[in-house]
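Next come two complexes, and both contain chain A; in the first it sits with chain B, in the second with chain C.
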Partner chain A sequence: MADFDIASKERDGMGPHGTNVGLLRVLGPAHVWALGVGIVLVGEYMGWNFAVGKGGAYAALVACWFAGILYTCVAMIDSEVTSTVAAAGGQYTQAKHIVGPLMAFNVGLYLVFAYTMLEAANAITAGYLISEVARLSGFEGTLDQRPFIILSIMFLAWLNYRGVLATLTFNLVITAIAFTAIIILFLSTTGIVGTSIMQHADLMSGSAALPYGWIGVLAAMHFGLWYYLGIEGTTQAAEEVRSPARALPFGTLAGIMTLLIAATLTWYVCTGLIPWEFLGDGLNGSVAPLFTAALLTNSQPLVWLLGVGTLFATLASANGCINDASRAWFSLGRDKYLPGWFGAVHPTFRTPYRSIVFLVPIALAFALKAPLDQVVTFSILSGLLNYTFMPLNMIMFRKKWPMGSITRGYEHPFHPLPSIVLLLLCAITFFAVFLGYGTQLVAMIAFYIVASLWFHFWRYRFVNRASQFTMPWPRPKGY
Partner chain B sequence: MSIWNYAEYAAWALSAVFGLYMVIDWLKTDSTYSEEVLTSSREGELEAMTEAQGGHHG
Partner chain C sequence: MAHYVAPKQGKLSQLFDVVVLMALTFGALYIPMFLGLAGGVKTVPEGAGQTWEAMGQNAAQIAQYNALGFTDPAAVSDIINARYDYSFSMTALLVMVVIIVAYYVLMLKFSETEYREVIAEKFDK
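Right, the complex of A and B next:
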């Protein structure tokens, strides 16, 4: 690809095979970083602390490390496959090329559900945050959160509708501010700048160390995912980056490094300032732990900074989710896995506009009608199914197209170790989820089985089989 | 009325503006361009072009 100008204005997104209007190739590695980190960083601002409630502060740290290993494997595997299968749809397109149509259909659904549910959860959170600002500013009535929830979704959908460059540049700015806020809080509270106010020794000794023993550590794994959930979303930008082979691995790996730093700093600051019982209760205790930590510093600038950081992280996540869910839905439509009508691209804005608009009422319905914990659980479970697919996909990819048979933008080291580790960690996390949300897990798997039957016995006859395999690769080994 | 009550009305109004913008533009686009043009996007066009230019990889 090196000799071909993929940023060419004349041929940008348009080719000799029938594309008149395609997605626009305008993004760079920074946008990929902003997409991945933007979706995830809200998990540092809220959500991860439920892991503390499950097993105490140390359990949350162990979960942070193990989930960190899980997601490092995800980022490495994703970087290799998606820098080679550079098309919108991310893991859906990977599954289509490497495993087969039924797997691809399921993965496409995992992606759309994971991102749409997360978008709904973020909108609910944005509404809550604005009502908290109203309360703190002295408003005595009860603020109606609904218009703010709807506005968050409508504004971000409109931004996505108007073009990918503005959407992800917006994400870059607000994600960078939210990440910088965590760094500043860490520097200001740990003694690097000024005096340290950390009290780890007092807050984590005796029975507070591991209040529920090792089973608590296992249970904490469920919410340990929250530190990093969504980094795999960078792959959805594959058809809109100027240089997929360079930008996707660079943006994704820089993203997971950023998140490992942010997760560790967040854990350190929050557990050093907030008692674990309060920190671990994300509903009635510390809803937004970094903001709670800022309140405990008694510094007004830090309170404002972390308040803005919390809101920006929430909006960045919802924004990235709209981008990713619409690309996955668009790809399913383009290949006729869903009605081909969804595979349309806007001739001026060059975005999958029908998919963006179609998913808006679905996100609104979940944001306004469903309880937050159920929405979040459905998102996590769909994500987890996707992570279970990834190592199997990677092993098949290397087997069918061994090293040297095709050019890869990035080759991840130590294969098959990351795939095996990822598979093991997924199994542990499934068990941890089963401990807390067994009914939802069974219900969701039943849903995907019914959807698979529908696809196999009905929908597959409409699939555009000629476009199943679009990459210019040699015949797979053994075929 | 508090400023927050006005903010509620403003949020409803802005939501409607963004929603209407998307729906109106969507209908306008669908009626201006043919379905063949709008759904002409094909996966792998870039890669196909790269192959056509002599099989350069990188």
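Right, the complex of A and C next:
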């Protein structure tokens, strides 16, 4: 067994890469939870309802639970690999050590684009919400949402620039408020406190039950991912947590449990109040379904609470996305997969400041110019490609370093069952995306193929070979 | 094995690499949009009804639309009538399967070659 303690404090920040200043190890399990749930909880506040549009309300529930199984597998796999490969970059760093450089480059791009697109979607929703608040407050005319979109992203980027502890403590507070808002809405509308106003039987009767039949259930898996997309982002904190072996599995698994509860409650409340066609149209109908549900309660406190919840969820998600995208971009730069200029750490704030600043205009370009469903699909596709890589990565990890050959922070049970289930659910989701959004799927894969050729035949020449492998592990079995 | 020494990359070359990557990124999102190929194929059937009854809405559904401020059914008829078209050709599906599988095979094959080089340089001392 290799002489390596995963919880060692000597491996601080960029130490393994030979630089003087590294990222700070200041985070605990609660911050990991806040990062994971903070990124994802907005999926309950907006975006998941496109699944209702693709298959109807029941289809969205089936998608919610099957996507829940998919993400439980993701969380189990992530908990084992990340608690062992404890470095920034998350799945990118895992791929670099386990599969190989080209796969790692692709995974790095999946992460950056999944999070940057999600950040753009959050900013779009924040802009919409503020325009709704203006409308409800009596403003007549059309409010220009662009200044609010720009300000949201700029503020959060500034927060990220200044330090990770404040950034994720802020996330912890606003995520907890947004989650509590969902619980309060559920308790207030379902008869647990007061009278129930749920109308599932009437709103989901007849053709509203399964408007597209069973193919709609398959199609709904596409946006079913949105309930949980981003929980895998907890891995990006690996280099900044005080105890990777404890904080990462605990934060990630507690996060997926929180999201399974939040997703189911959200589905129950929204489908019991909003007609499925309106709920399923996230562009012209219900952009922020929990907020729409609150409007239908005729309760001003609930409207305000869910308004605040939606705003906080979008901010928490954008905040976490800036954190994660910048860590992934920074890691790519640090290994010279991208220009090394991006691999710098701020001498005072100990954050990957150049990567944080560089990604701001890209997120803005997408937030200001692209429609919400396109941005969401772009993010989902990048996430889906990443989830398809994860079971392959897991199987290779156990094969190259069998149990007992290295110290693992966490060992997930039932291997290889989670990997097989994850692969199967990814195949179903690819088909779901193909139903209605096939062009984007092909465009996205074409992009990754061209980028891969560029990396393999050009960019890789700037990468030192052995220095990419930074973990103190023994030689992989079979090599 | 001989130790590979990566060439030092100039600032201009670094900038060029970033521009290439950004051009590819924006191309992947915007080219399908400019060509009108992006987005879900959700369409409103010709001659679709414009009244609550013709759109198959029951009393509970109408009440919720009214509560949302839509008392005129025509205002939400596009939302209610729009449907995805899930018909597809097996050829298109097979093409997509081949593209996805080929992509992962390409990734794993090229990665394996590069990975062996990394491991050899790291451990063969």
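Operating definition for what follows: the second predicted complex is superposed on the first by the 459 of 479 C-alpha atoms of A that agree within 3 Å, B and C clash if a C-alpha of one lies under 4 Å from a C-alpha of the other, contacts with A are read in each partner's own complex, and residues count from 1 in each chain.
Just so it is clear, a residue touches a chain if its C-beta (ideal position, glycine included) is under 8 Å from a C-beta of that chain, and two chains touch if they have at least 3 such contacts.
None of these values were measured; they are calculated from a predicted model.
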- request: Please tell me which partner, chain B or chain C, touches more residues of chain A.
  value: C
- prompt: After superposition on the shared chain, which partner residues are touched by A:Trp401: those of chain B (first), chain C (second), both, or neither?
  reply: neither
Task: Return first, second, both or neither, reflecting whether A:Gly340 touches chain B, chain C, both chains, or no partner chain.
output: both
- prompt: For A:Ile150, is the partner it touches chain B (first), chain C (second), both, or none of the two (neither)?
  reply: first
Task: Scan A:Phe447 for contacts with chain B and chain C and give back first, second, both or neither.
output: second
Message: Let me test your reading of the model: by the given contact rule, A:Tyr110 touches which partner, first (chain B), second (chain C), both or neither?
response: neither
- prompt: Counting only touches as set out at the top, which of chain B and chain C does A:Arg354 meet: first, second, both, neither?
  reply: first
Task: Pick one for A:Leu295: touches chain B only (first), chain C only (second), both, or neither.
output: second
Task: Return the residues of chain A at which the contacts from chain B and from chain C coincide.
output: 340-341
- prompt: Which residues of chain B touch chain A in their complex?
  reply: 2, 4-5, 7-9, 11-12, 14-15, 18-19, 21-23, 25-26, 29, 33, 35-53, 55-58
- line: So, in the complex, the side of chain A touching chain B is made of residues 1-4, 6, 11, 13-23, 25, 86-89, 93, 134, 137, 139-141, 143-144, 147-148, 150-151, 154-155, 157-158, 161, 239, 245, 331, 334-335, 340-341, 343-348, 353-354, 356-357, 360, 406-407, 467, 470-472
Residues of chain C defined as touching chain A within the complex: 3-7, 9, 11, 14-15, 17-18, 20-22, 24-33, 37-42, 56-61, 64-65, 67-68, 76, 78-80, 82-84, 86, 88, 92-93, 96, 99-100, 103-104, 106-108, 110-123
Message: Please output the residues of chain A touching chain C within their complex, sorted ascending.
response: 53-54, 99-104, 106, 113, 199, 202-203, 205-208, 211-212, 215-216, 219, 273-275, 277-278, 281, 284-285, 292, 295-296, 298, 336, 338-341, 362, 365-366, 369-371, 373-374, 378, 388-389, 392, 430-431, 434-452, 454, 456, 458-466, 468-469, 475-476, 479
